[in-house]
């Protein structure tokens, strides 16, 4: 992870806690496979502070059972496209280069970004918005409300919604099946004016990062797809003056206008498809093109949405910090 | 536009037709402001073919009435964030650097990309998926079905849906209001194996480009957000062998697994928020922070979704061509 | 040109003067071909100040005689490599995409950068260091000494050296030949700490830009290749305290250590090969591979070094401004 | 190292040999500090072949004596600029992020690139061109001549020149001093047409990479700075037909015209300044700005040029492979 300011204190314990939120094997709703996801930091830290050099961490796989991965192409996985792209040379044990394991470094970098932002008054939190068609209740768009939800072991605000989601996961597992959901993240305290128009807008860079997370198939900001059904008079966020600064009365634009932050909370949602690895028999082919049926064994999450929460949070934190630091550049603007 | 192969024939008439699809003033559903959006090509073409040098075109504004744009910050527009970012130096006449006008060059480049792809057997088409809450009917995911819809003046497959959408637009206009919608684009004939894992995946690069289009607030691939409500056994695309090649029975992943094309049609949808410029009075502030009410005059589209269709199509074509050409690099792989 | 701060005053007259320094046809030592190199600014300026949007300027060719450019590959030109790369589709009239004409936009952008830097106390100047084996005298490494040389019509400090260089040019022209030389540029007043280690070092980014200038075949910083012959005790710049800040007694490292500015003047030199277009007969082949002799007609400079001076100056100014603005990001560092 | 084709066989022994060429402590002319520079490969290889995933290797420091590095700023080192940039937070033990140690990963990646190129008929070799003012003899620009020189323990073609260089190094060591030199590298067998005009030219990308190597202060291609003293009739490479293909009679342009390969050997030279760490007393200041004298203890090379040879070779191989693979993209061009 390059580009962190020098001299930042790194809270290694908080880092480990963030890693644990993504790590498998935490509870009844995730895979039995256990990884501590301990990070060995090789460079960039000295006496507990960043040095300005890139921070390099290594996370080793511990509980891998490569034998669980066979020759049939797993539907919904990148086995097929890896075969097309790498002509059979890809090492797809554990999903290879396309494995969800590769989100662990994102959480590592995101944890450093969150700590760095927190010292500047910016809080980034994520929670589950929906699982298996069950939506969480609406909560106030405040750092405390999101922070409280994010701190829960099963990060859903409404207890009844949480229970219903967990039941959906248990039902899916019992059926040898899986469920998907939606993760929502918000950043509070970002100043306005961050991001560049067009190709380096906050929306563009954050969406690009989120779509590099395996299983994410949709990204929306603020009202997102629901804005498509609204009228302008409803979707527009009326402006007012609050505490001496321009503010918006509502936040349908999710803190972003023209791809630039406006000082309101930045709100993003990512759709996570159901875990493609399921025990139920599926029709597929093997690498040689022979038709076969596949029941994916191995220890797979019936729902990866809870483990995706810190990943989406990390993506938002990374983009927010990058926009913030780049804005040092922007901040210089107009001074002449 | 850099990176086009040398020696490509450019069909200037088709290019002008594509530009006209986005241009304002075409019909009763768009703004009265008229721009021919004629492109003057300054470089990169010689005797009707690309030379390998960047193709540079200039599109001049013709029917601008800067007086229509005043000092109050228009809700839902980037006036506010431009003020924050550029400290009052931005030239916001016509929306300035954030204007939807800036999508005209995208359509120009996209038209060149579509022509280049067409010669390689790849077809890219877009159509309206929904306006004001009215959805188009489902159509077969074939180049002919999408091509037929895209060729319509109001690119909606189902005539009844089209009529209902147009009524929504008329109603909104009568109320001094606006409506949003969803645009859907598909690319047919792309080979498998295009795109890079993670940060340069087709999903990441295409989403980044789409989110640089003003008014786009959501992007999804294949089943997108609907996948979040499905079970794995439903969302997974079973694999089979068709015409001697591996294929998917369904296409919930929108032609992309792990961000890499799998040879199925690439399907993307973009949510377009309702035009923020509306005649109805809105609460806002001016640049000095004084509260005011604003009724946006000027000649604004009550619905920009039809004009966004060629823009989304252009984005998909540009990313598909880039992935295709980069795959020349990929194609070399594995030969050793 | 993107990334300029918003609100910068642009001195259009000074801009035109910089363009004229590069433009052909100024004096007896350059080509007879005349171009005013007037820039039409299409965007990014409003009421004499930058708006934050990209500044786009167009420079039209006026005095082109395409008939001067034939089918034989001109030795020393990119005709050959353009043929290899673009398979005969390149438009090589006037050198096409490889023409020295393409440095005009660099001078345009560089002039904007120099004005922006000047308002921040940074001065960038370039002069001729050598032509045809005749070197200019050593001058003090101060902004005034470099500025005085740069302001001369023939920017060489020492009058005798200037006369000898001009004689070399006249001799070469009389022989139907050409001569090369070395351009030296220096930036004064840059703060220390600009640039990033390794791949985005000031040396790396500036060298990359300079080597994109046609005819540049060598780049060195500070003592450059002469350092290779020195001992460490001679090459090292001893450190002292001057005006309360750390400074170097000498400047063999050209203001750059580890690719980062140290606050001393940044000094760079670029070797410019002799104009490859010469009237003397040369052995060559045509695009079909038939051996032929070529005497390049057309109106070519017997020495392009004087016209390369504002180009090298522009490259240094652009990299310096970019490093400066990026340092807004750096400046934020360490505050936590 | 990302972007390697999948399925490439990796010769781990040859890789280790290349690492050893750069490693310290090999002979009487380098530092006493010993590092085996063994690389532990963490990813991207499976059963001896590349998988298409990034190849990640870790090289651990073994024989570090941090106590050798004190508080005085070492003249000629990046200690000063690191202090300016990172405000005292940089970890400069061993030179920190600016250490020559950071060229070990370049050699690692370069070795993979060289093996990949060799299988495609491209050979990349480097040798010492000069040390302490003593130049090697001219040798034929053929892969065998360069390969023979590169294979020597002290890679200089002419035995007498080698002896004289070694004497210069011994003399410098005896004086508590150091000497610099020039490294020359050549790539044979690259096809024409590689590289992009302007900003991604082979000259630009290779120079950028070379200038990220600590101690490199000058880069030139082909005749380089000597071209500045030539006339056009001398510097131009006349063209002919050889073996049915266009070729150049001489190679003053170093295989590159307009930044694009022309099929002739690509020849580059890098000036390496003398090791700044010398035992002789030097005037300097400490981080607090107090004047002091410094005699750098520790085990430093009196001449790092021999160890820079594989680094320059690696840079050339990396750029050549990248241009080659990108040309898969170029190769597709013009087929339409």
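We call the chains A, B, C and D, going by the order they appear; numbering starts again at 1 in every chain.
Just so it is clear, contacts are C-beta pairs under 8 Å (C-beta built on N, C-alpha and C of every residue); 3 or more make two chains touch, one makes a residue touch a chain.
Keep in mind that what you see is a predicted model, and the values were worked out from it rather than measured.
Enquirer: As a test of understanding: of all chains, whose mean C-alpha position lies farthest from that of chain D?
Expert: B
Enquirer: Check the residue numbers that chain A and chain D use where they touch, and answer same if over half are used by both copies, otherwise different.
Expert: Chain A vs chain D: same; shared/all numbers exceeds half.
Enquirer: Report the inter-centroid distance (CA atoms only) between chain A and chain B in whole Å.
Expert: Using C-alpha averages as centres, the distance is 26 Å.
Enquirer: Just the number, please: Cα centre separation of chain B and chain C in whole Å.
Expert: 40
Enquirer: Between chain A and chain C, tell me the centre distance in angstrom, where each centre is the average of that chain's C-alpha atoms.
Expert: It comes to 46 Å between the two C-alpha centres.
Enquirer: Of all the residues in chain A, which ones touch at least 2 other chains?
Expert: 6-7, 52-53, 82, 85-89, 97, 197, 330, 333-334
Enquirer: Could you pull out which chain C residues touch chain B in their complex?
Expert: 6-7, 42, 46, 49-54, 58, 82, 85-91, 96-97
Enquirer: Can you list the chain C residues touching chain D in their complex?
Expert: So the residues of chain C touching chain D come out as 73, 75-78, 80-89, 97-98, 102, 130, 132-133, 172, 175, 177-182, 191-195, 197-199, 201, 203-205, 207-212, 214, 216-225, 227-241, 244-246, 248-249, 252-254, 256-263, 271-278, 280, 282-285, 289, 291, 330, 333-334.
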